[in-house]
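Common to both upcoming complexes is chain A, partnered first by chain B, then by chain C.
After this line comes the complex of A and B, so read on.
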C-alpha cells in the first residue's frame, strides 16, 4: 500500500498554537484531528478562593483578543447569582464596549488573517501590495474598535474598567463624540469590506450544522438571550449543562463540547446570523442580500462575509447607542454578595462564552466553569476538515494543505482561549 | 559657542517603544529599557510599552519623525548580545528571530507599514538576544546587563533623531 506524508510544521494567521493530523488511507480521509497542545491554563482552578470583585479582571486575562467576552460573561454570572439586574444606560454601555470588541476582533481576522486565503496571498503584507486601500481600511476599523475599548475599558487590551454592577467610571458624552466620528468613517469602510469580501471565490461547500447562539426578543445578541439552536434547543442559559457536555480528548488540551444527544455544533458568526437574521437592522439585511447571502449561510468559507456584516452592524449599533447616551447617575449598581450559583453567557466574536460560578456568602468563588467558543467549535472544525480534505483529495498536497488551513481559519479559532501553534501533518497510506 | 547642529530648528518628534512581556523572562528587555529611561529623556520625547497587538504600532508611530524600538530576540547561544538595526539602511535580518506569540510580530508590523507607506522616516530597532523566556521570571543577568547598555544607546539615539545633524556616538 502506497504511503504518503505531507507535513506543515506551523500554521500561521490564527490566534494561538496547535496542530492538525490528517490521516488518509486508501484514498479516504480516515481521521482529522485538531491537536491543541497549548498547556492547560487552569483558570477555573485558580479562580477558586478569589472574590467576586476580582473576577472580571482575572478572566479578562484569558484572552487578549476577546477580553470583553470573558468580562461580560463573568459580570452577568455574578449579577445573576446576587440577584442584580443592570439596565438602562449601564446596559447600553456594556453593549457599546462589546461593539468595540467585535469591530477590532472581526476586522483583524477578516482582513489581516483570513482574506489572504481567498486571494492567494501568503499573508496580509503581500496582500497589501495589491489591496493597500482595503488593508488601510482594516487598520482604521481596528483602530475605531480599539478606541471604543479604550474609552470604555480604560485600555484596549485587558480592559480594567468593567466591574460587577456596571463600570468603575462611565464616560461623558464629550468623550464619546470623537469615537462616534471614527465609527462613522469605520461604518463606511465596513460596508465596502462586505462588498469586497462578497466577491471572493468561495468553494462550493455546505454542511448541515447545528447552530447554537443566544437569541434575544429584540436585539441581535451580545449580552443576553435564551440559548437556541436550529434543531430543538431553546433553553435558559442556566440549563446549558443539561444539553451540552465537555469531553476530554487525548489529542487536545482543550475540552471538546458536544450536544449530548447529537454531537458537534457550531457557535459564532454563522450561528448568530442564521438564528438571528430577523434581529439585524433592515440596512444590514439588505447588505447581506446584496452580498449574495440568504437568511441562513451554511458555507463556512462565507463566514468571512458574515463577519464583515457583523462589523457593519456593530458600527451601526455603536453609533445608535452613542447618539442615545446620557451618562448614568451611578457608574455601578451596589453589589451585595450571597451564597448562590450564577450563570452568564454572552456572544464573544467567535461565539458563546458560557460561565458558571458558585459563590459563598462573602462572594468567594467555590467553583467555576468556563466554556470558551473555540472548544465548542473544535469538533465541527474537525468534521469540516475531513469533508473539505475529502473534496480535494485528488489535488496536489499543497492544495490540500492550503485548503485545510483556510478551513480552520473559517472559525477564527482562538486556541489561546481554549487551552495556542498549529502544526499540520498530513499522512497518506 | 554653537550647540551642535540644532540652532533655530525645532526638534523632530521622536517615540521610544519597548516591546515584550515583563513577566516572561528576557522578553521583558523592552519594558526594562523604557523603565530605565524614565526621567532621562527630553520631555517632548514620547515613550510607551507594548506587549501584544503589534499591529497597533502602525497607529502608535503615526506623526512621529523618528522611532526607536527595543525588543527581544530568540536564543541563539549568546544571551545579551545586542543588535542595532537602522531600518533606513537595512532590512530586519531574518536570522534574528524576534519573539512573538501573536499573529503579527515586529517584522510584520514594520513590513506592513512600509508597504502601506505608514512607516516613520527613521526607524531604529535594538534587539537583544534572550536566554530564557520562562513565564513568571525576570531578566537573566546577561540580558539585564545589556538593558543598561541599550538604555544609554537609546539616549544617544534619541538625541540624534531629534537633531539629525548631530553626530551619533555609540
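After this line comes the complex of A and C, so read on.
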C-alpha cells in the first residue's frame, strides 16, 4: 500500500509565494491543497483610521500587477458611500485605463507565464529561442497596455492619477494619439495571438463550474454591473455578503470564499466570458468561434484562449474610447464625505475584486473588507487539482507535478493579492 | 557568451506586492538583451528553472515579517556576492510596516477568524536590519530605468549613477510648475528623487513613495504644509505611509502624532 506525497514547495511562474500538497492513498487523491504562505500584510487592519482620499494609493499596493483593479473598486466604493456618480468622459477614461491593465496583465500571463507550459519550455526566454517572433510581439503587446497605463496614470505600477470623483489631471486628445497607434498594432498582434494559442494541445478536461462575474446591460464588464452566476445568483454588489462567505483555512493565509449555499465558484476570464458572451462585439465572437470556442468554455486549460480574446476586446474597446474622447471640463467631480458604508466591485484581470468601507462623517475609514479574485478561486483550484491529478495518477511523479502546476497557472493566481494564499506536496499511501 | 561566463542573477521575494520584480519583466525592450548578458539563475516568477547559488547579484524585493523569512534572508546573503534591495518594502519595511506603530494582534484579529493559524512577527523590517546590503534602490515601485542602471553598474563593477537629491530637482529639470506655489501640499522637497516627479506632472502633490532624500528638512516642510491648511492628522498620515519606518519620516510623523 503506497503512500505518496507529491509536493511543490515553491510554485514558479505565478505572482507571489505558494506551494502545493497532494496526498495519494490506495491509488486515490485524498487531499489536494494549494498552500498560500505569502506573509499577510494586514491591509484591512491598517486602513482603519486612514482617509478616503489616500485609500486609492494605499490599496494599489495590494498588487503590483493589478493596481488599477484595487484603485477602481476603492473609488467606486467611496463614491457609493458619498452619493456621487461619475459619468460621461470621466467614466470612459476609467474604462480606458482598465483596458490598459487587462492588456498588460493578460499579455504577461499568456506569453510569459502560461504559454511555456503548453510548448514545454521552462520560461518565455527559452521559448524565445524557437518562437522569437511571438515572444517579441507579446512583449510589444504588453508594452502597449503599459503605455496606456503610463499616459493615463503616470506609471505602469501603482499609477498616481486615479482619485475619488475622477482623476487629478485628464489627458488631451493629442496625448492619446500615439497610444492609439500602438494599440492598432497591438490589436493586430492580439488577433494572431488568439489564433496561435488556439492551436496548443489542451488536455480534455471540463468541470461544471459555478461562474460568477459582473453583468452590465450594454457592456462587457469592467467597472459596473450586477453580480450574477450561471446558477441563480443575480444581486446588487452591496448584497455580496448575503450570498458569499469567507472561511479561514489552516493551510492558507488567504481566506477561502464560497457561495454560502453551494461552495466553490470561479471568477475571472472563463466566468466573464460565459456570462457575457452576448456583450462581446461580433468581431470578437467570430474570432472565438474561429478559435474553436462556443459561448461557454468549461476547460480551464483553454482559459489562455479566453484571455487572448479579452486582450483583443480590450484593444478594440480602448480604440473606440479614444476615438470618441473629448476632454471633460472637470478632471474630477467634487467629493464631500459623509458617514456611510460604500461598496465597490470591479473586474480585475483575474476576476471580481469586491470592497466594502465604512466611513465616518469626515471620511475616515472605520472598517474595511477586501475580497480579492484569487481567494475566491482557491477552492475551485483545489477541486481542479484533485480531478486533474486523478486523471494522471498512473503517470510518473514528474508528470503529475507538472500537470498540477499547470492547473494552478490556468487561474493566473495572484498570491500577493490573496494573502490575506500556495505550497504542492504529494502524499501517496 | 557561454553559460559559465555570464554573471548569475537571482531575484528574491519577501513580503511585498510583486510590483518591483514585475518592473524587471516590464523592461519589454531590454529583457531579451539582458537575458543574453546575464544568466537568470533564480527568478521563480518568470522561470521554472531554479539553479543553485552562488549568485553574482541578488535583487531582493519585500520586507521581513516572519521568523522563517528572517532565516531565509541570511541564506540569500550567504549565496550572493552582491545584494541589492529593490523598493520601499525591502529598503524601508513598506506599507506593511504600519503594524510597527500598532499591536499586531489587533491587526491579525481584524483580518483573520482563526489567529492561531497565522505566523507573523510584530514588525515589518527592511533587509538592512538583518544582513549587509550593497545598494538600496528606492521607490514604491522602483523605476525600471534605474533598475537597469543598477544591474549594469554591478555587472561593470562600478557605482550606480542614482541621484540622491529631492524630487524638486526633477520638477525643475522637466519644467513642471511647482504645485506647492499653487497651493497644493507636496512632499517633493523632502522626497528621494527617482520617479521623475510624476505626481506634480499630474497636478497633485508628491506623496513620498520614494522615501526620504539625504538630510531632509521635514520640520520646515511641515510648517509650509500647515500654512497651506494641512492638519496635524494630514501630516501624520502622509509621513506614515509607504516609507513610515525610514527614520526622518518616523520622527516627523511622531511630531504630529496621536
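What we mean here is this: the second predicted complex is superposed on the first by the 418 of 429 C-alpha atoms of A that agree within 3 Å, B and C clash if a C-alpha of one lies under 4 Å from a C-alpha of the other, contacts with A are read in each partner's own complex, and residues count from 1 in each chain.
Quick note on the criterion: a residue touches a chain if its C-beta (ideal position, glycine included) is under 8 Å from a C-beta of that chain, and two chains touch if they have at least 3 such contacts.
Here the structure is a predicted model, which means the values were calculated and not measured.
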Overlay on chain A: chain C relative to chain B, clash or fit: clash
Partner chain(s) touched by A:255 [first = chain B, second = chain C, both, neither]: second
Chain B versus chain C as contact partner of A:156, first or second or both or neither: both
Contacts of A:129 with chain B and chain C, given as first, second, both or neither: first
Touched partner set for A:114, first chain B, second chain C, both or neither: neither
Per-residue contact with chain A, leading partner among chain C and chain B: C
Partner chain in contact with A:142 - chain B first, chain C second, else both or neither: both
Set intersection of chain A contacts, chain C complex versus chain B complex: 12-15, 17, 64, 108, 112-113, 123-125, 128, 135-136, 139, 142-143, 146, 156-157, 420
Interface residues, chain A side, partner chain C - complex: 10-17, 38-46, 48, 50-51, 54, 57-58, 61-65, 67, 108, 112-113, 116, 122-126, 128, 135-136, 139-140, 142-143, 146, 154-158, 160-161, 163, 167-169, 247-250, 253, 255, 331, 405, 414, 416-417, 420
Interfacial residue positions of chain C with respect to chain A in the complex: 13-20, 22-23, 25-26, 28-29, 31-32, 35, 40, 44-50, 65-66, 69, 94-96, 98-99, 102, 104, 106-108, 110-114, 117-118, 120, 124, 140-141, 195, 198-199, 201-204, 207, 209, 237-238, 241-242
In the complex, chain B residues that touch chain A: 51-53, 55-56, 58-59, 101-104, 108, 111-112, 115-116, 118
Interface residues, chain A side, partner chain B - complex: 12-15, 17, 64, 108, 112-113, 123-125, 128-129, 132, 135-136, 139, 142-143, 146, 156-157, 420
